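Worksheet: the structure to be examined is printed underneath.
To keep things simple, chains are lettered A, B, C, D, E and F as they appear, and every chain counts its residues starting from 1.
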Amino acid sequence: MPVVTVLQGPRDIEPKRELVRRITDAFVESYGLPPETVQVWITEVPADSWGVAGTLVVDDK
Amino acid sequence: MPVVTVLQGPRDIEPKRELVRRITDAFVESYGLPPETVQVWITEVPADSWGVAGTLVVDDK
Amino acid sequence: MPVVTVLQGPRDIEPKRELVRRITDAFVESYGLPPETVQVWITEVPADSWGVAGTLVVDDK
Amino acid sequence: MPVVTVLQGPRDIEPKRELVRRITDAFVESYGLPPETVQVWITEVPADSWGVAGTLVVDDK
Amino acid sequence: MPVVTVLQGPRDIEPKRELVRRITDAFVESYGLPPETVQVWITEVPADSWGVAGTLVVDDK
Amino acid sequence: MPVVTVLQGPRDIEPKRELVRRITDAFVESYGLPPETVQVWITEVPADSWGVAGTLVVDDK
């Protein structure tokens, strides 16, 4: 019963819908698991709350 | 000093108040820890950002 | 379908067995959820890999 | 730059190799991201440290 | 390529800007890593969704 | 009472000792928090269990 968490910036619902479907398929094909055992949780973090190379993403634009 | 995180859908404050109390009690009774060493963090994820069996919860209603 | 993660130091199986039972009960009583919807994952971190107040726990004993 | 974490039981390397490839493809196809921006971290939790419905997986076999 | 997550209450952008810079420096100085390999993700949890010693922070003020 | 988690590959204790000290200092200086309120948890993931750009790190060496 794998639990997947995704840390990412905010996105529209359609790409998230497709991502959840494709990640679940990845477990079905790689591990042979039934899809109903796979949970995917997306945590959307705004650009003022995450950073790379010491800089907030909001300051990088 | 255990740290507990809970991934869940949004809920009213009263059930969350009770959940934090009961989870802390679980550590006091199971591990013999003083309650002040236990932290519980609840991350509420909207229905358009988590899914089971390849489908977003918002599409499942 | 809440997912609970616990960050803690290593423990014997019996206290973990009781902790998982009691945390699940906490959701049944606080949220009225059926127990089979609750997952509890315990990540055991050795004393040389976590710290409080700037000091590794292994250095604090 | 999404970060994916997977909580699961222990597995052999080959299925994990395929899972990481397929999850990365899921982001390329769903979000149009370049693959090098996607990180996948698998945390393998032994059967005596996670449970469902109040029971440790090791007790469920 | 370390990934750092921070669970905390809500804060203004300026202290978060400084925190991300200083945490990245910590990896450069402690591990000798180039800063661009370090990601820092801050998850801000409201006071009605986290607690210590069995009490929600919002109830503790 | 921030909780910091670090996902990384395995490292010797000395660099981890310094990292925990420096990350705690980052909170003292950025947020003005007392050091004893800061927890840092390092999860070390082996090279066969995490990947970037669709490839396990162990396959990338």
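As a convention for this text, contacts are C-beta pairs under 8 Å (C-beta built on N, C-alpha and C of every residue); 3 or more make two chains touch, one makes a residue touch a chain.
This structure is a prediction, so every number in the text was calculated from the model and none was measured.
Trainee: What are the chains that chain E and chain F both touch?
Mentor: Looking at chain F and chain E together, the chains touching each of them are B, D.
Trainee: Please state the rotation angle, between 0 and 180 degrees and to the nearest 5, that superposes the Cα atoms of chain C on chain E.
Mentor: When the C-alpha atoms are superposed, chain C turns by 180 degrees onto chain E.
Trainee: Once you count every C-beta pair in contact for both, which comes out on top, A-C or D-F?
Mentor: Looking at A-C and D-F side by side, D-F shows more C-beta contacts.
Trainee: Taking each chain's centre as the mean position of its Cα atoms, how many Å separate chain B from chain E?
Mentor: From the centre of chain B to the centre of chain E is 19 Å.
Trainee: How many angstrom between the C-alpha centroids of chain D and chain A?
Mentor: The computed centroid separation for chain A versus chain D comes out at 12 Å.
Trainee: Of all residues in chain C, which are in touch with two or more distinct other chains?
Mentor: 1, 3, 5, 7, 16, 25, 39, 41, 43, 52
Trainee: Please categorise the chain-chain contact pattern as a line, ring, star, complete graph or other.
Mentor: Graph shape, chains as nodes and touching pairs as edges: none of the named types, so other.
Trainee: I'd like to see which chains touch which, written out pair by pair.
Mentor: According to the stated criterion, the contacting chain pairs are A-B, A-C, A-D, A-E, B-C, B-E, B-F, C-D, C-F, D-E, D-F, E-F.
Trainee: Which residues, counting only chain A, touch chain C once they are in their complex?
Mentor: For chain A paired with chain C, touching residues are 1, 3, 39, 41.
Trainee: Write out the stretch or stretches of chain F touching chain C in their complex.
Mentor: Against chain C, chain F makes touches at 3, 5, 13, 16-17, 20-21, 24-25, 35-36, 38-44.
Trainee: Which part of chain B faces chain A closely enough to touch in the complex?
Mentor: 7, 43, 45, 48-56, 58-59
Trainee: If we count contacts the way the header does, which residues on chain B are in touch with chain C in the complex?
Mentor: 1-8, 11, 15-16, 18-19, 22-23, 25-27, 29-31, 52
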